[in-house]
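Written below as structure tokens is the structure these notes are about.
Should a chain be cited, it is by its letter among A, B, C and D, assigned in written order, with residues numbered from 1 in that chain.
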Amino acid sequence: MSKYSDIRDAAYEANMQLPKLNLVLFTFGNVSAADRDLGVFAIKPSGVPYKDLTPDDMVIVDFEGVTVKGKMRPSSDTLTHAVLYKHWEKIGGIVHTHSTYATAWAQAQRDIPNYGTTHADYTTVDIPCAPPMSDEMIQGDYEYQTGFQIMNCLQEKGYSYEEVEMMLVGNHAPFTWGKTANKAVHNSAVLETIAHMAYLSEQIRPNNPRLQDSLIKKHFERKHGPNSYYGQ
Amino acid sequence: MSKYSDIRDAAYEANMQLPKLNLVLFTFGNVSAADRDLGVFAIKPSGVPYKDLTPDDMVIVDFEGVTVKGKMRPSSDTLTHAVLYKHWEKIGGIVHTHSTYATAWAQAQRDIPNYGTTHADYTTVDIPCAPPMSDEMIQGDYEYQTGFQIMNCLQEKGYSYEEVEMMLVGNHAPFTWGKTANKAVHNSAVLETIAHMAYLSEQIRPNNPRLQDSLIKKHFERKHGPNSYYGQ
Amino acid sequence: MSKYSDIRDAAYEANMQLPKLNLVLFTFGNVSAADRDLGVFAIKPSGVPYKDLTPDDMVIVDFEGVTVKGKMRPSSDTLTHAVLYKHWEKIGGIVHTHSTYATAWAQAQRDIPNYGTTHADYTTVDIPCAPPMSDEMIQGDYEYQTGFQIMNCLQEKGYSYEEVEMMLVGNHAPFTWGKTANKAVHNSAVLETIAHMAYLSEQIRPNNPRLQDSLIKKHFERKHGPNSYYGQ
Amino acid sequence: MSKYSDIRDAAYEANMQLPKLNLVLFTFGNVSAADRDLGVFAIKPSGVPYKDLTPDDMVIVDFEGVTVKGKMRPSSDTLTHAVLYKHWEKIGGIVHTHSTYATAWAQAQRDIPNYGTTHADYTTVDIPCAPPMSDEMIQGDYEYQTGFQIMNCLQEKGYSYEEVEMMLVGNHAPFTWGKTANKAVHNSAVLETIAHMAYLSEQIRPNNPRLQDSLIKKHFERKHGPNSYYGQ
């Protein structure tokens, strides 16, 4: 039994949730699960349909993006995952999808405004949309630079990756993360729902106002504050 | 066999309908079922996924919001349910969801206009959206105040909770109720459909007019009036 | 074996297709199947959930709307069916639903413009939306008058019920018909798709133009003309 | 065992994917699979519901549109397939559907703008919408002319059918193709997703700008360029 079996299974299980949650078409999307002690993560192989996937297909990669173990080529987005794991020490899982509503906002290069408590239950701020990358970054080491684009956007806005676990990359699609691969998948599904609702609210009421601060704070803190009282 | 087994089972069955009717994602949403003679209600435990739920997980709470029986912490929205049961003596079930279309209207802080007979089959008036709560109410006993916000909104509009069994809370999401938990779930699904149709009608025809009074009355009364002739 | 068993089974099978085709929520909607020789039709009982329905629950009604056989009360829309069967001698099935997109157009009191070949495969004209009924008609024998509202609308526009097998009743919802109950259900599903696409096309291009006449004619006639060559 | 069994099975399997991918209602849509050595293709019979389809129902047709083998009449769109196979020597499969979002764009007679990497993963240009055909073409050999309308549109825009494997025909619906029937079906599903996202992006941000050239090139080439690194 491999020392990687825990993250291999976690990555496999989390990847298999994406089609069940209607977050992916065909092979679009990938999930990884990291082992902080071993300094590696397990990630989906590139271009393999979910129905053909087995736990053994997961590829083990280190935080520089070098494959440590695996018969297949890892996801083409592997370097983005590697950069984020390297710099954000407390995350254990990352998800990338092209889910319909979140991607539509990314294509429109807009942050998703905080319009309701469903959103505020997850973050106090608008879901940030990183600007599209410069031609230089794109023509360079694209997937590696995508990781930096994500990190720089959060930093410029002054947000911590522990507070804001979901983001859009302009003209591209969403990325989410969390303490585990499972939590990152959870965040992807929530982001898709938030994106759908925000789109509808703007159609129902053009120039829809954001949520008042006290309600944002209340909802975020009842789930995440020091005195949170949601869940068991 | 517990004296609470009837409401425990009713609450469990009604909660399990929410994912089947596509009204909830993950643990969002909760249903309760009341026993008027015993002065208590059974409610979903907080943050437990529907697939893991069992009838025994339901928590028994009195109308002051105090847990009477149960191993788990009740829904974080329990106090809202308690307030409504205490003041509205004829209801036997309450549902709270974040269903997509109804929540989009709540986020837009708009009443849902009565645009057709699907709506008029359930209520003669627009589905009211309570204004977002004041900072004071939010920072105070939030879930308790949510109950009052719902009651005050109905009262100000001069509606009875027996006539109008569904409502939006501004910037938050829908609440529905009824004589049984089952009927309250039914109302949640209907509200989601009404919210979807009203959104579409406004897109298809901006400044869409309301339904004429005679048609509203006809449809409401054929289902709910003294001479109703719908059903068996 | 009853002489009504053919239409009883046809009505049952056709009713059971409605939830499978996502055209109804709960008990909304009803299908009937007529026997022209016997001068009766079989129709869904009022307010019975589809999952509980059995062939024996179908109610046999004559073209005056009088129940001939059956343990249950027929659909509350029975008189509308009776009027149409009485006056349109070549139809064998009728469907009424509150399907989401078609109902949204009915609520907007708009004809559905003929925007593409999917529509032209079924009819050369816009799908008519009958105006909402007068207060007098509504307060009178409502379901009976609904039948006349449908017939009058077609007649005023100069359409035959054999050419146009689908319609909206303003502020209410769609009705479809056909030579059999099965074909009427087919038309309901097609109408919902046409309504969805027409809505989207108007969003994608405001003031979207109708289809050119030659293309309408071509598509309608390859399916329905004397030299049709679609199907086996 | 027939020499046509390979394309017969390929066409059958590919046709059966259409309802699973929610790309067709009833009998709408058809897939064909070609054998270049034999100079024929297998195609769905006209108007047969997918649930009743068997591999033996596929009709074998040559590139002039003449049936070579088969008990049933081939799809009414057979001549369109024949024209494309005859002129585009490297394609092995063609799909025609009336999928909702792609058809809505076709009805609006608009190219689908390249708004994001999901689109750029498949083509560098906007998805072309051929103008509606002239009255003459429509009244002539309609399905044959539809093939020429598709080819002419690509040619006028200067695109190769190997680079652009999907298109809309104005006022009608989408056509896609590829090296195999399977790949053509894949393209139909992707086109529907792209059409959905582009529609949403324009709603979220009117006058939404296209993707920058460097990002289009990057995404297209990582999947299709000489140094592609997507997949195994």
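Following the convention adopted for this analysis, a residue touches a chain if its C-beta (ideal position, glycine included) is under 8 Å from a C-beta of that chain, and two chains touch if they have at least 3 such contacts.
For clarity, every value in this text was computed on a predicted model and none was experimentally measured.
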Copies subunit D and subunit A - interface residue numbers shared by over half, same or different: different
Angle of the C-alpha superposing rotation, subunit B to subunit C, to the nearest 5 degrees: 90
Distance-maximising chain from subunit A - centres being C-alpha averages: C
Subunit A and subunit D: spacing of chain centres that average the CA atoms, whole Å: 33
Inter-centroid spacing, subunit D versus subunit B (mean Cα positions, whole Å): 46
Multi-chain contact residues (two or more partners), subunit D: 203
Touching residues on subunit D, where the partner in the complex is subunit C: 25-26, 28, 45-48, 72-73, 76, 98, 100-101, 103-110, 132-133, 135, 138-139, 142, 171-173, 199, 202-203
For the subunit A and subunit B complex, residues of the former touching the latter: 115-118, 186, 189-190, 193, 196-198, 200-201, 203-205, 208-209, 211-212, 214-215, 218, 222, 229-232
